[in-house]
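Each of the next two complexes has chain A plus one more chain, namely chain B in the first and chain C in the second.
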Partner chain A sequence: MSTQVHANLTEEQVRQISGELDEPEWLTETRLEALDALADLEMPDVIRTPGRDWTNLHELDFESFVDPLNAAEDKDQVGPADAEVLSWAEAVAEHEDLLKEHFGSVVDLQENYLTALSTALFSTGTVVYVPEGVDAEDVTIRTEQNSQSLFNYTLVVTEESSSVTILERQSTGQKQDEQYYSGVVEVVAGENSSVQYGSLQNLSEEAYNFTVKRGDAGTYATIDWIEANIGTQLTKTEVSTELNGESSETQIVGAFYGHNDQHFDLDAKVWHRAEHTTADLVTRGVTDDIARSVYEGVQDVGSEAWDTSSYQRENTLMLSDESEADASPKLIINNHDTEASHSATVGQIDQEDLLYMTSRGVNPRAARNMLVEGFFVPVFEEIAVDELREDLEELIATRLRTRD
Partner chain B sequence: MSSEQDHLKDTDTEARFEFKKEQNAAVKSDKGLTEEIIRMISEDKDEPDWMLERRLRALKQYQNMPMPTDWPGQPDLTQLDVEEIVPYIRPDVDQREGVDDWTDLPDEIKDTFDKLGIPEAEKNALSGVGAQYESEVVYQNMQEQWEEKGVIFCNMDKAVQEHPELVKEHFMTTCVPPSDNKFAALHGAVWSGGSFVYVPEDVTVEMPVQAYFRMNSEGMGQFEHTLIIAEEGSEVHYIEGCSAPKYGTHNLHSGGVEVFVGEDAHVQYSTVQNWSKNTFNLNTKRAICEENGTMEWVSGSMGSKATMLYPCTILKGRGATDTHITIAFAGEGQDIDTGAKVYHNAPDTSSTIESKSISKDGGRTNYRGLVHIADGAENSSTAVECDALMFDNESTSDTMPYMEIEESKVDVAHEATVGKIGDEDIFYLQSRGLDDDDAKKMIVAGFIEPITEELPIEYAVELNRLIELEMEGSLG
Partner chain C sequence: MARLELSNLHAEVADGDEKILEGVDLEVESGEIHALMGPNGSGKSTTAKVIAGHPAYEVTEGEVLLHIEDDEFGEDIEIDEDQRTWNLLDLEPNERAALGIFLGFQYPAEIEGVTMTNFLRTALNAKIEEREELFEEEDGDSDEDEAEDEGFESSPMEGPADEGEIGVAEFQEILQEKMEQLEMDERFAQRYLNAGFSGGEKKQNEVLQAAILEPSIAVLDEIDSGLDIDRLQDVSTGINALPDEQGTGILQITHYQRILDYVEPDHVHVMLDGEIAKSGDASLAEELEDKGYDWVREEVYGTA
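On to the complex of A and B.
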C-alpha cells in the first residue's frame, strides 16, 4: 500500500526537527531511514474476516493531519530526585550512550507505516532513567496537544533491582477539527527491576491516535501496564511485553469507554520467551451510542518458554443497541509445559441486577450508572496507582452522568 | 461394548487404512485444470448443459482468485500444486450410478470397503450407505422403508439427472457459491460424486445414513459434493468417513457440503476424517438453518497433511440452533487448522461450539472460529469453549477466535485453555496399576469423550482406535 503522505514530507523537515533537538548524526540518520522506508511500509495489522476490516486505517487522510514543523504542546515531566526524568533534548545532550543502546531496541521503528512516521517526525519526548537500587515513585508525564499533529517518544530504562511508577496523561489543549497524536513507548526493565506504567488517554473526540507501548522484561523483572482509553475519534494502540528474562512477569490492565462514534482498536500482547514467566491480561470496556470496540489479545508462548502461566480476560458491556464490540483473544502455544487460558464475553446490563436495584428504590438511571461503574471494579482493583484510578473513575462517572 | 463391535476393536486399524489397490480406471483425466478437462468430465458424466455452464463459470472464478496466503498462521499450501493433481478418475465399474449389492463390485473395490468395515456397519447400524471410490460413487443403497417414505439418498451425479429442479435451485447457489473461496470455486469446476439427501416433511430417518470416501490413486484430487435438504419438521443424521493410503506425492481433497435445514428440522452431520498424511484437505461446509431448525456438526479430524476446514452455520430463522463439536489431532508433519463459523442473522438464535485439540510430535492444531451476531439478532446467545492438550514443545497449539457483535441484547462467551497432560492425573492412574502409556491413552480418551459420545458406537470406537494408534509407541 502506498499512502501519499510522504509526498508532503521532506528530508529538510526531518533534518530541521532533528537539528532543533541538537541530535547527533546517527539519530538524524535513523529518522531519515524511517522517512525513506515509508513508501514500502504497510499500515499496522488489523483484523480482517470475510467481508470486513475491523479497523480501516486506509481511509484516513494522513496528509491532512501531519504538520511536522508546527508541533505545539504543553508538557510536564516530573519525577523524584534520585531518578532522572528528562526531556528528549536533555537526554540527547546528557545520555547519548543510553539512547544509542536502547532507542529502537524494543519497538522496531520501521515495524509499520505509522511507527516509521512517528520515528521520522517526533519532536518531543521523555526519557526516564532509574539507577540501580533506586525506587522512584510518582513520575508524572503530562502531554497536552496544542497542534494539528504531535509525535511523542518515551523511553524508560530501569537498572538492576530498581523500580519506578510512571503516570502518563494525554489530553488536548487547543482543539482542531482533526488532530493526530502518535506515541511510541519503549520500556527496558533490567534484572529484578519493576516498572509500572499507567497511561490515561483523554484526547479530544476529534483526534486520531496511534500508540505502541512495548516492554522488554529482563530476568526477574516485572512490567505492569495500565491502559485507559477515553478520548479520540479513532484509536489504534498496542500494549505489549516481551518476557525475555527468566521468571519475568507482566500484567496488562485495560479499560475503555467509547461513546458517540468513537472507535477503539486495542491490542494487548505478550510473548513468553524464557522459562517460568507469567502474564495476566485483563481488559474491560463499555461501548455506547454507535461506538465500536475492537480488541485483540495475543498470548504467544515460545518453544523454550517452559513452565509458563498465561491468562487473559476481556469483557465488553454494550450500553446501546447501535454500538458494536468485536473481540479476538488468541493463544499461540509452542511449549506444552504451559498453563494458558483466555476468555472473552460480550453482553448488556443484566436485567435482573437492574430489577433488584430498582425494586429497592434506586431510580433506573442511577441504578444503571452504578452497575456500569461496578462493571469496571475488577479493573480498578488491579490499578495500583491511586491517582490514575481516581481520575479514571471520575471520567467514567462524568461520561455516565451526561447520558440520559 | 457389545460383541458386535468386537470386530472393530480387534482389527488392526492401521492395516485397514494403509493398503493400496492397483489402479483400474475406466476414465482418467489429465493432470491440471483446463476448460478441456472440465468439458471432458462433464461429457463423461453426460451432464445437462446448465451444469457444464456452472462448472465453467466456477473455473473462471477459480482462475481469477488468488491463493489464500495472508491468513494469520495459516497452514503452508506452497507444496500444493493444483496443476499436478489429477482431478477426475472414474473407476472401472459397469453400473454408472453405483451398484446396490456389494458383490456386484469388482473384487479390488469390494475388498477395499470390506477392509474398511463398511458393509459390516451397514448391516448393523445404518439406514443407507454410499461408497465413493476415486471420483465416483460405486455403491449406493438405502433400506426400503425410507424409500417408501419419499427419502432420497443417491449419488450426486444421479441427482443432477433425476432431480434437476432441486439440484438447480440448491447446488452452489445460495449456500456455498463458487465465489466463496478459491477452493470452493475449484470444487465447483471439477466436482464429482458425493451424496444427495432429501428428507420430506415430518419424516424422521431413525438410523444414520453414511457415505464413505476413498482415494486410492496417487496424486489425485477428490471433489465430492454433498447436498442435504431436510424439509420442515424432518430429521436426519448423515455420517461421512474418509481415508486414503499414503503416497509420496500430494493428494487434494476439496469437498463441498451444503445443508438446508428447514423449519423445525434437525440435521446432524458427522465426519471422521482420516486422510493419509500426504493429503491437503481444503473443504467448504455450510448449513442454512430456518426457523427453529437445528444444525449439529460433529467433526473428528485425524488425518491429512494440512486441513483448512471451518464448518459454517447461518442461523437464518428465528429460534434456530447450532451445535459444533470438533476434535482435531495433529501428529508429526500435520497442520490441522479447523474450527467453526456461525452467523446469527435472526433473533433468539443460539450456538454452542466445543472444540478439543491434541498436538504432538511437532504437529500443529489451530482453532479458528468466527461468531457473528448481526444487528437485530436480539436475545441470541453463543458459547465457545476450546480446550487443547499438548504433548511436547515441538508441537504447536493455537486458538484464534473472532467475535463480531453488532447487537447488544446478547449473551456472548468464549473460553479457551491450553495445557499438558496433568502429572497428577497420570500419577493417580499409575498408582492404580496402569502403565504410563495406558494412563495417557485413558486421559486422552476422557478428554475427547464429549465428542465420541455424540457418535454411533461404531464410530466412537473407530475414533478412539485411531487416536490410540496415533499415540502408540511415541509416548515417553
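On to the complex of A and C.
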C-alpha cells in the first residue's frame, strides 16, 4: 500500500479523539506526531525470501479503511480492589504522571506504520497499576469489537515486589465483511515484580489484526506472556520482552490454530540486556485447509548479558497438504557466557501414531483429534491461568470437531 | 470361538513393488498359542501389519479371514449366520479391532499429551460402539444409522462426546485390576501413552492394553525384544493370562527361543522368504535354537 497521508485521516479527527478523552496537550501532540510520521513509515518487518514476502500486509488499504470516529466496543475491565484497573479516560484523569512516565516507553510508538496509526487513533484502552507489594490476581480485560476498526491501548505498571495476572480476550460482536483490530500493549515490570499476561484472540475470521505486546523487565522481575490466536483472516503480532534488569526472566508461550484461509504471522522476541537473565519461548500451532502460519522467534543476547539462559522451541502441525507453515528461529549471541537452544519443526500427523490408535479400536477421526489435542498439551501445561487454558482447550476442541 | 485364517497371502510395499509376502497360509484359533519365527526380513512383521491393516502394505493376492461363532461377543451381541466370516482386508483398522483383532507393536508409538487412561477408555468404548454398528447393520436403513451416529456424539441425553458405555469410574476399576495383575506401577495410568517409557515398560503396556481390550486374536510382534529377564517374566505372565482367562488366540512373533520357555507355544511356524516354510510343535523351536534357520532352508528347499 502507499504510505502517503490519506485524505481520510485528518488532524481534526485525531484532535477530536484526544479531546473526547480529555487528554492533556502532550498526549494530543504525541498522537499528531504519529499521524505526521505515517507518511515516512514502513509496514512492520516480515520475513522475505527472494520473490516473496511471507506475509502480505498490503492487502488492506488501512488509511481509507479505518473509521476512527465510529469506534464501538463492549468492554469489561475488572480487577481486585487493591490494584487499579482503569479505562484510558480514567487513567488520563487520575494518573497523568504515570502515563507521562510510561506511555511509549517500551514500544516505540512510531516503530512502524501500524504502531503509529494505532497511536494516532486509539480511542479505548486499559491501564493496570499495581502498587508496591500488592498481589493482584484475576484482572480481566474483555474487548468485543462492534465497529469497522478499533484501536486499543494497554499499559501495565507493577511496582516493586508486586504481582499481577491479567487475562485479555478479544472477540467480535457485530461482524462486518472486513474489520481491523489494532492493539498496543506495554508492560513495565518494576523490581522483583511479576506479570503474567494472557491473551486470547478470537476475533471474527473476516478481521485483520495487528498487535504488539512488549514488556520491560526490571531487576529480578518476571514477565510471562501467553499468546493464543484462533480468529482473524490475517494476524500480525509481536510478543516480546526486554530483559533490562539483572536476573530478570521471561516466558513466551504461544498457541495458534489456523484453518480455512487464515494467515498468522507471529513473532516472539526477547532481548537479553543484563546479567543472569533467563528466557523460555514455547509455541505450538496447527494449520489446516489452506491456512498459513509464519513464525519468527528471536533471542538476542547483548554483549553485557553475562550468564544468559535462553531457550526457544516452536512446533507446527499441518493437518492438510495445502496448508503452509514456516518458522524462523533466530539466535543472536554477543556474549559467550550463554546457554541457549533454539529449534523449530513443521510436520504432519504421524501415520504410525494414527495406526497405533486405530488398531486399538479408536476411529480415525477421534484418533486424529486426540493427537491434535495431545500436540497442544505441552503448551497447555505451561499456561498457569486456568481460565485461559480451559477456554483455549474448548476452542481447539470445537474447531476440531467441526472438521470431517 | 474365533479363528483367524490367512490363505495364500501376498503383499508388497504400497509405494514400491517390493514383494514381501509370497503366499502365507496360517490359522490361529481362540485359546491357542502360535509362535512365528524366522530370520530378519522374512516377512514376520509384515504379516502382523497386514493383519492389522497397516496402510504401507498392499495385499496383491490371498485373504485374511476372521471366523467367529455366534457367542464370540457375549449375549448382548447377536451374530447372524451371514456375519460369522469377515474379510479383514475390506475393513479399516478400527473395525478389525472391533472384531477382536489386536496388534502388539514391536515399536509402540509414543503419543504425547494423551494419558494412558484417556486413550484406553476411549479405545474400549470405541470398540464397543463400533462392534454394535457392525452387527446392527441389518436393522433399518442406513440413513437411520447415520442419524443415530451423529446423535451419539452431540446429544445432551447421552452426555458429552467423551462419555461412552464404560464410564470413568468403572474404567478406573478395570484398569487398576489389570495393572495389579501385571504388577505395573499405578502411576503409569496418568502418564502419556508410552511417552518416555523404557523399552520394557512399552512392551508391558502393550500386554496391558491387550488385557483390557480382550481381543479374540492377539498378534504380538516381537514383544520379547529388549526385555530383561524380570520384565520378560512379567510380560510372559500377562501373555499367558490372555488365552487362560479370556480365551484369546495368540500369534507371537519372535526371533528368540527364550520367551517360549515362559509362553509355551502349541504350534511353531518358521517363516522364510515370505512364506511359512515349516510348522511343528514346541520342539521345533528348540530344534531351531540348535540348528539355525539354514537348517530349515536346507530341509525345505534342499539348499542353504
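The definition used in the following text is that the second predicted complex is superposed on the first by the 397 of 404 C-alpha atoms of A that agree within 3 Å, B and C clash if a C-alpha of one lies under 4 Å from a C-alpha of the other, contacts with A are read in each partner's own complex, and residues count from 1 in each chain.
Criterion: a residue touches a chain if its C-beta (ideal position, glycine included) is under 8 Å from a C-beta of that chain, and two chains touch if they have at least 3 such contacts.
The structure displayed is predicted, hence computed values, not measured ones.
*Asks:* Assess the superposed three-chain arrangement around chain A: do chain B and chain C clash, or do they fit?
*Replies:* The answer is fit.
*Asks:* In the superposed model, which partner reaches more residues of chain A, chain B or chain C?
*Replies:* In the superposed model, B touches more residues of chain A.
*Asks:* So, does A:N363 touch the first partner chain B, the second partner chain C, both, or neither?
*Replies:* So A:N363 only meets chain C here.
*Asks:* With both complexes superposed on chain A, which partner does A:G374 reach: first (chain B), second (chain C), both or neither?
*Replies:* second
*Asks:* Touch check for A:E352: first (chain B), second (chain C), both, or neither?
*Replies:* Once the two structures are laid over each other on A, A:E352 reaches chain C alone.
*Asks:* Thinking of the overlay built on chain A, is A:T402 touched by chain B (first), by chain C (second), by both, or by neither?
*Replies:* After superposing on A, A:T402 lies clear of both chain B and chain C.
*Asks:* Would you give the minimum C-alpha distance from chain B to chain C, in Å, for the three-chain superposition?
*Replies:* 11
*Asks:* Enumerate the residues of chain A that count as touching chain B in its complex and touching chain C in the other.
*Replies:* After superposing on chain A, no chain A residue contacts both chain B and chain C.
*Asks:* Tell me, which parts of chain A touch chain C in their complex?
*Replies:* 350-353, 355-364, 366-367, 370-371, 373-378, 380, 401
*Asks:* Across the complex, what residues on chain B touch chain A?
*Replies:* 73, 370, 372, 375, 388, 390-420
*Asks:* Spell out the part of chain A that touches chain B in their complex, as residue ranges.
*Replies:* Contact set of chain A toward chain B: 47, 49-50, 52, 54, 303-304, 306, 316, 318-348.
*Asks:* Per the contact definition, I'd like the list of chain C residues that touch chain A in the complex.
*Replies:* 52-56, 92-94, 96-98, 101-103, 105, 108-109, 111-114, 118-120, 122-124, 126-127, 130, 153, 161, 192, 209, 213
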